[in-house]
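Note that the chains take the letters A, B, C and D in the order they are written out, and that residue 1 is the start of every chain.
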Amino acid sequence: MTASVYGHTFARWRAACGGAWQDYTHHAFVEGLRDGSLPRASFLHYLVQDYVFLVHFARAWSLAVVKADTLDEMKVCAGTVDALVNHEMALHVQTCAAAGIDEATLFAATEAFENIAYTRYVMDAGLHGDFLDLMAALAPCCFGYGEIGTRLAATAAPDTPYRDWINTYCDDGYQGAMVTVGQMLDRAVTHRLGDAPTTSARWPRLQARFDMATRLEVAFWEMGLRGA
Amino acid sequence: MTASVYGHTFARWRAACGGAWQDYTHHAFVEGLRDGSLPRASFLHYLVQDYVFLVHFARAWSLAVVKADTLDEMKVCAGTVDALVNHEMALHVQTCAAAGIDEATLFAATEAFENIAYTRYVMDAGLHGDFLDLMAALAPCCFGYGEIGTRLAATAAPDTPYRDWINTYCDDGYQGAMVTVGQMLDRAVTHRLGDAPTTSARWPRLQARFDMATRLEVAFWEMGLRGA
Amino acid sequence: MTASVYGHTFARWRAACGGAWQDYTHHAFVEGLRDGSLPRASFLHYLVQDYVFLVHFARAWSLAVVKADTLDEMKVCAGTVDALVNHEMALHVQTCAAAGIDEATLFAATEAFENIAYTRYVMDAGLHGDFLDLMAALAPCCFGYGEIGTRLAATAAPDTPYRDWINTYCDDGYQGAMVTVGQMLDRAVTHRLGDAPTTSARWPRLQARFDMATRLEVAFWEMGLRGA
Amino acid sequence: MTASVYGHTFARWRAACGGAWQDYTHHAFVEGLRDGSLPRASFLHYLVQDYVFLVHFARAWSLAVVKADTLDEMKVCAGTVDALVNHEMALHVQTCAAAGIDEATLFAATEAFENIAYTRYVMDAGLHGDFLDLMAALAPCCFGYGEIGTRLAATAAPDTPYRDWINTYCDDGYQGAMVTVGQMLDRAVTHRLGDAPTTSARWPRLQARFDMATRLEVAFWEMGLRGA
């Protein structure tokens, strides 16, 4: 198991996820952001869909507040909703505005099926299970984008036109928030599953949630490429 | 721990619940049903409230179908909804009809605060947690009424006017359904917490759910008495 | 607006849905069931996915019990859960058993993305909105399969190997259940939107729910064909 | 209908609520805060319960984010969660700390039945219905405390020991937030019910939600007094 700045739980889930994690974090779409070869049309198609994704992601983190057991969990989740609604989505709004797409258009965009599949899967993980089931479905996006941001910040082509996107996820604000989320997640796991969580009868199903959400990330990138 | 026909999980929760279980299952209201001394007005007040309680109890068992992990869990919970809506509530409808209260009036009755507290606590246990959190909140009503029915069938005054009520809960249909629920509950616990569930980090919080629902049962009887 | 045996609300939604309704109910997959040309492998792939679909559909109808306003709504929705769990799914279990696929395998099947998208979209319609939002997302499957069953019963090739499937949806049990659902839906609309529901500010969004679920039905057939 | 700084919808609900609104906003508990006669023990009992109330109120506003239709609704509700968790609860924490009660004790306090009834009723309004059903249950607390804060700021005894409490609700931060909520609520009503919302078939049930939540506020004050 490779250690992670985002905590033990994520490190365990990522290690057990197998090749799908690499498929997600090193997808052709990501490499196109890195070397600048991604067609602008693909990027804009992705960005519009990702805006709607973030709307539902904010709903899912709000559902996490509903499902929190501790004040710590409530505060971190409420803070994440605020970060999503007031910060991460701003990149999308600004970039799309520069391309002539206003926020009302973004909010009303017709969702691709891959987008619906991913976001509603996450929401239903929360309705179906408890806080951990929801966290397992939320984790791949949070920490995967963190990893991608860090890697691309160090290796991207100097002239990639996608520097703003990369900066959104490598910057201290995003990275710090994800470290906070990862530490909260570790405490949430201990709170519910004790000190040897991988021996819990629930662990394989939490891992399956993480795996499915990772596969849905891959499908999301595919949808982005296809939109070109 | 006293064994129970309703399974190991219930037996554990009941044993750890302390005096509150006795307060609930041997409440003055129950003793009044047994010896026939309960004022008719109290009984009718209780029955109207209990009808509305069962509406929300059916909603809670439906939420359990939403939160089930296995086909077994789905089938037992769906069967319980059917039993509530099509059988248990029939006693209330018939008895109240004989007292001049029709079903539309029952459905629209203003809920006592104790009723709201109990039913919505159960619903929120499901929204907040997982299937087990919901089961822990549902268990005291299910199995407690089963115990009361069995005891009163054996000890009630021959001329108590509440024989129909007693029969509803001692009869084979209700008892068999509760045995089925109890066995499903044991499997649901093993499915999520393994073979030593009382060592789980979650166990004290599940017990606290059971305890609170038991206290809310006591408050419900108090409400019934007060209504006289 | 073409009248429908399933009531006024469905007739309005179907009429406004445009070509997507035809795309769904006359899809190549459906025509393959009708003339018998559908490859067996496609049918089995579809049937396995549809089994998992029905699991979530039963969850969604259970959520409808949670969200019901009236006893009528509760009873119809609870009855639908029972019909799904204890009857419609039996076809899938028997047919798959004959092909060597047991029910545990069905329950554990990995869901296609189109399946996830559809079922979780329906669940989230219920979490996000009220009873009508959920009904608008449930309606295309219920009534569309009813229409397909009726049409194929009258027009299918005498030797199509998919007669059992057709019979499941044209038989009196299914048709009667859908008539009951359609009448309940009409009452539910009047209860919330009054006598001129299409003038309600909510109507376009309910229509959009119906339209999206119809498009997700088309995608589900595509998934079935692709699985060959 | 008396106009309100908190908008048209609230003004309508308050006007139709009848004497219960006066019972709530001029309760003996409130008058005791105003003239300083409220026993300190009652106040502390109330404050501990109100802290737990706010935990669930923050959960309910988070559920409102889940149920929002527009970006405007999402932002206002997410902002309210932040205000509750990071500001309003701070008064409780500080005042209780001065009385020797730390925040962990507050968070773990056993809830009074009146507290459970109120908070879970609000949560279930959201699970059962749509955004408006939830808002109707949230409104009495939000705007009632706003009215009480304004009135007591103008009329409280100069030496009342409850000046900090009064200031929390009369200050520009709280009042401004409630004006924002009230305007969003008016838009949310128009969005769903059109320009003549009181003619909607749903209106009496929304009013009933508001009325019940108002009655639960009265019961909450009673609980505070009784705790002395």
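Keep in mind that, in the parts below, contacts are C-beta pairs under 8 Å (C-beta built on N, C-alpha and C of every residue); 3 or more make two chains touch, one makes a residue touch a chain.
Just so it is clear, the model here is predicted, and its values are computed rather than measured.
Colleague: Starting at subunit A, figure out the least number of steps needed to reach subunit C through touching chains.
Modeller: 1
Colleague: If every chain is reduced to the average of its C-alpha atoms, which one ends up farthest from subunit C?
Modeller: The chain farthest from subunit C, judged by C-alpha centres, is D.
Colleague: With over half of the numbers shared counting as same, classify the subunit B/subunit C interface as same or different.
Modeller: same
Colleague: Centroid from C-alpha atoms only, then distance subunit B to subunit C, rounded to Å. What do you get?
Modeller: 34
Colleague: Taking the mean of the CA coordinates per chain, how far is subunit C from subunit D in Å?
Modeller: Comparing mean C-alpha positions, subunit D is 42 Å from subunit C.
Colleague: What are the residues of subunit A that contact at least two other chains?
Modeller: 59, 66, 123, 127-128
Colleague: Show which residues of subunit B lie in contact with subunit C when the two form their complex.
Modeller: By the definition above, subunit B touches subunit C via 55, 58-59, 62-63, 65-66, 68, 70-71, 74-75, 77-78, 81-82, 85-86, 103, 107, 123.
Colleague: So in the complex, the part of subunit D that touches subunit C is made up of which residues?
Modeller: Interface residues on subunit D, with respect to subunit C: 66-67, 69, 127-131, 133, 190-194, 199-202, 205.
Colleague: In the complex of these two chains, what residues of subunit B are touching subunit D?
Modeller: Touch list, subunit B to subunit D: 59, 113-114, 116-117, 119-121, 123-124, 127-128, 216, 219.
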